[in-house]
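Shared between the two complexes below is chain A, which has chain B as its partner in the first and chain C in the second.
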Partner chain A sequence: MKTFEGYRRTNGSIGVRNHVITINTVGELAGLTKKLAQMVPGVIPVAHQAGKAQYPEDLEQTIRTLKGTAGHPNVSAALFLGMGEDDPAEEIVEMLKEEGHHVHAITFQKDKTISEVLIEGKQWLEEALERSRSQQKESADITELIIGLECGGSDAWSGITANPAIGACSDSVVRDGGTSILAETTEAIGAEHILAGRAVDYEVREKFLKIVKDYEERIKETGEDIRSANPTPGNMAGGLTTLEEKSLGCIKKGGSSTLMEVIAYAEKPTKKGFVFMDTPGYDVESVAGLAAGGAQIVLFSTGKGSPTGSPIVPVIKIGTNPKLYEIMSEHIDVNAGKIIEGLNTIEEIGEEIYTKVMEAANGKLTAAEHHKNQEFAIWRLAQTM
Partner chain B sequence: MDYQFKGYKRNDGRAGIRNHIGVICSVVCSSVVVKEIAERVPGSIPFTHGNGCAQLGDDFKLTKNMVAGISANPNLYSTLLVGLGCETNQISGLLESIPKVKPIEGIGIQQLAGGVNTIQKGVEITEQWAKEAAEQQRESLPLSCLNVGILTVDMDKDSYCQVAPVIGGVVDRLVEHGATVMMGLSQTLEPAGSALSERAVSEELKNNLQLIGESLQRKRWKDVHNDTLTQLGFTEKERELAVLEAEMTGTSLINSLLGYSETPTEKGLHLITVPSNIVEALSNMASSGCNLAIVVSSRGILAGSAAIPCMTIAPENQNEFFDELIDYKVTTESLSNQIEALLENIIEICSGKQTSLEKMELGEFSIPHVGTTF
Partner chain C sequence: MSRIFNALKLNKDDNVAVALRTIKAGEDLSIQGETATIKVMVDIPFGHKIATDLIQKDGKIIKYGECMGISTEEIEPGYHVHVFNVRGLKEDERLSALQEVRLP
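And now, the complex of A and B:
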């Protein structure tokens, strides 16, 4: 059984990082959220422009993402900034407190000056940081780990090297009792029959086919050809010709395990094993959804070289070709290009990725963490009001 | 009286009231590199956003147009666009659509083989521009070079009654002196569409405004079998407040209704579509060429635009807790005195005086979505 040293949370979950974050519930407070984080070195800002002025389905998804992010096992403490009477910050904080999370909300209610808010926030963050530093690690095993599977800046090698190697790693994680979440519904289009065929039962199969079909319908409604957004110009320069081809490569990240469950964006899996999350192919939004759904580590294959990470989870980059590794090694953790050169098999790179997962779980920084790549964006479902 | 302000004259006849170097990401993937470049070069400002890839149709066009629009804003001396390389919103396409009236360059992380190289190259380019920008002097310019946006946030009946006549008076004066004024048409002003339509310059605009006044129309695309445009009715109270808000547009003819990231083709009064998200609204005004935004609010706001000074105006004795954010308080003094005083304040800010939000460095940028990502 593979084990690692992590941070045990009150609700029983296990974190592989011990972050203290600031997070806003409404776009107007994004600037102050960053400012507060700057005032206390070590604190990570999770700023965004979602919240309020949204249709109910959008607001619900935003709140689920914010709650999942702040209540993530990798997060030791979270400070929410909210605005006005109907702001969800207090409510989210109450729910998270019930689950045992160390969280606090400051809501601008016309009863505090900006300076007072900054002082209160700074003090809370300093104490939270102090508290996080005194937290001890304890032993956990792979069955408590959830990994997210993602690709960004794909090329023609993605489906031949990095994605199958991620698939091999995913199968191993699942075999050892862990959980692995494949995402990016757009990139299941054209290959959905393969994943559907691996569904554990009829309901999972139908749910999966429905989310893919819904996505296709939404695309049709724009009156546009999906091919003008996906594959992207860079994907095509990288040798990918059609979305179907990209999809066939994309789903290789899911290995060959049985599909146990299909979950919504930023929703937590209830089953262990191989799971699918409904997210867009847009990698930063997709990674934010995977993280909010509880993935402690994300595996991310890239052919063109994408530096993006996450504010709260280590993102492990797997390069698809030797040239990329040569010129952009600063952004790559695993060189799956060795498969092309005949130096390693897919299974061997899969094992290398698994080793990196356990190293990251034990605290070793990934390339994206090293470069402070903390991109964050929430998937939007409707126009701003 | 002939009003003048001290600004930076641009090659296309417009004026800058600030002389920033803009460092702008084409896609979220290059946002960290953009922040890093801007942090290292004093005088440069980062413009980051969450969009730029896996977008389709109108939603993509809006992102592209807003990035191009903010790049062209006259408050920016020059613009460095930073891309990843494989994104939908390609740097080459952006460079083609931005008018060549100032220094603009584009670089990409994949083209330069990594973030470290890109930061280095970006710092080299912007440091040179920062030197040039620092040498440029302000000169006296007429108000007709100015483009002023007006946004209302969280207003109640009493606040409107106090503030609207003053703002309306200032708008009329600005228009008289040949300035361009863009009044934000948001959820709160839309119910007054019918009243505003009476001052429309064309029949088409008149019909358009009347339609807008009927119900709130926004797209939603989760439930794929629904009509994409959902209509929500306005309440009586919303209509009553909207009529009060409409007073802030003054009495001039309304020349056009600008959509997201559209720029006015003539001077005078225009309406500009804005969402209720303050940062998205101010970003849209900046992308449409505004120099300055006047934000009228009962409370003061906590985020401005990174490109344009946002002057906050509130009624007196409203909310002392946000005092440090408010640039001008409307008092009970005579209307003509207040219009004059507010104009003087605007001119001071246009000539370089920092707004409260600028002092607190609370400038942001964001692009609205009109479609989902794929």
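And now, the complex of A and C:
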């Protein structure tokens, strides 16, 4: 059984990091959220543009993402900044406190100056940081680990090297009793019948087919048609022949395990094993959704060196080709390009990724963490009102 | 460089391999983990697919152990497999493929 040392939270979950964060509920406070984090070195800002003038479904999704982020096992403490009387900050904080999280909300009202808010926030963060430093690690095992599977800046090698290697790692994690979440609904279009065919039961199968159909309908409303636009001429020049082949190259990050559950964006899985989360193909929003859903570590394949990271979870970058590793090695944790050179098999790179997962779980910083790449954005379904 | 093969099969059940570098007509195809060699009949750009078995017209193209398309003509081993001899699945074919899968 693979084990690691992590931070046990009051609600029983286990974190692989012990972050103290500032997080805003509305876009207007993004700047102050960053400023406050800068005032207390060691605090990470989770700033974003969502939260106002949103349709009910989007507002619900924003709140679910914020709650999942602040209540994440990798987070030791979170300070919310809200604004106005109907702001959700206090409500989210109350819910998180009930689950045992160390959280606090400061809501801007007419009666508080900005400097007063900053002083109050700084004091709370300094205490939270001190508290986090006294927290001890304890032993946990792979069955408590959730990994997210993502790709960004793909190239012709993604489906041949990095993605199948991530799939091999995912299958190993699942076999050992852990959980892996595949994301990016857009990328499954065209191969949805294959992934649906791996569903554990009829209900999971139908739910998966429904989220793909719904996504496709929303895209069609904007005048785009993924099925007829793919593979693109660039894809074809790279050797991809059909949409099925392109989509297979992406969903192979999920290996060949049985699909146990289909969850909404930023929703927590209730099953262990292989799970699918409904997210967009845009990597920053997708990684934020995976993290908010409880993934403690994200595996990320890239052919072009996308630097996308996360403010709260270690993102492990798997490069698809040797050239990328040669040029951007400081951005890449695992060089799956060795498969092209004949130095390693897909299975061997899968094992190397698994080793990196356990190292990251034990606290070793990934390339994205080292560079403080802390991108964060929330998926929106509708227009801003 | 310890490269001893020039192509890769993503799954043992596949009837195509992916060229790891551009392979010229007349070269031998050597697939990672396999001993049989196939004579390459046409130039295959890197990243593109090459038939490793005889694929009948209307036969399934298998990559990743999954059906990724249907051949529009007979394809002999050593030949390029791409848009000129393969089509994607039609909607009813996708559905029937799914119906074939039995739930555990």
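Assume the second predicted complex is superposed on the first by the 364 of 385 C-alpha atoms of A that agree within 3 Å, B and C clash if a C-alpha of one lies under 4 Å from a C-alpha of the other, contacts with A are read in each partner's own complex, and residues count from 1 in each chain.
Following the convention adopted for this analysis, a contact is a pair of C-beta atoms (placed from the backbone, for glycine too) under 8 Å apart; a residue touches a chain by one contact, two chains touch by 3 or more.
Fair warning: this is a prediction, and the values are worked out from it, not measured in the lab.
In the superposition on chain A, A:31 makes contact with chain B only, while chain C stays out of contact range.
Look at A:372: by the touch rule set out above, it reaches chain B but stays clear of chain C.
Residue contacts after overlaying the shared chain place A:248 against chain C, while chain B stays out of touching range.
Between chain B and chain C, B contacts the larger number of chain A residues.
Of the two partner chains placed around the shared chain by superposition, chain C is the only one that A:199 touches, whereas chain B remains out of contact.
Within the superposed three-chain model, A:157 lies in touch with chain C and out of touch with chain B [touch as defined at top]. When the shared chain is aligned, chain C comes close enough to touch A:258, but chain B does not. Once the two complexes are laid over each other on the shared chain, residue contacts for A:8 go to neither chain B nor chain C. By the touch criterion defined above, A:97 reaches neither chain B nor chain C. Using the contact criterion defined above for the overlaid structures, shared-chain residue A:342 touches chain C, although it does not reach chain B. In the superposition on chain A, chain A positions 238 are in contact with chain B in one complex as well as with chain C in the other.
For chain A in complex with chain B, the touching residues are 27-32, 35, 48-49, 52-53, 55, 57-58, 83-84, 108, 110-115, 152-153, 186, 214-215, 217-219, 221-224, 226, 228-230, 232-235, 237-238, 280-285, 304-308, 327-328, 330-331, 371-385.
By the touch criterion stated above, chain B contacts chain A in their complex at residues 28-29, 31-33, 49-51, 53-60, 84-88, 90, 109-110, 113-116, 154, 187, 216, 218-225, 228, 230, 275-280, 299, 301-303, 319, 321-325, 360-364, 366, 368-374. On chain A, the positions that touch chain C within their shared complex are 156-157, 160, 164, 190-194, 196-202, 205, 236, 238-239, 241-245, 248-249, 252, 256, 258, 339-343, 345-346. Every residue of chain C that touches chain A in the complex is listed here, in rising order: 1-5, 8, 10, 18-20, 32-33, 45-49, 61, 63-69, 81-83, 86-89, 94-95, 97-98, 101, 103-104.
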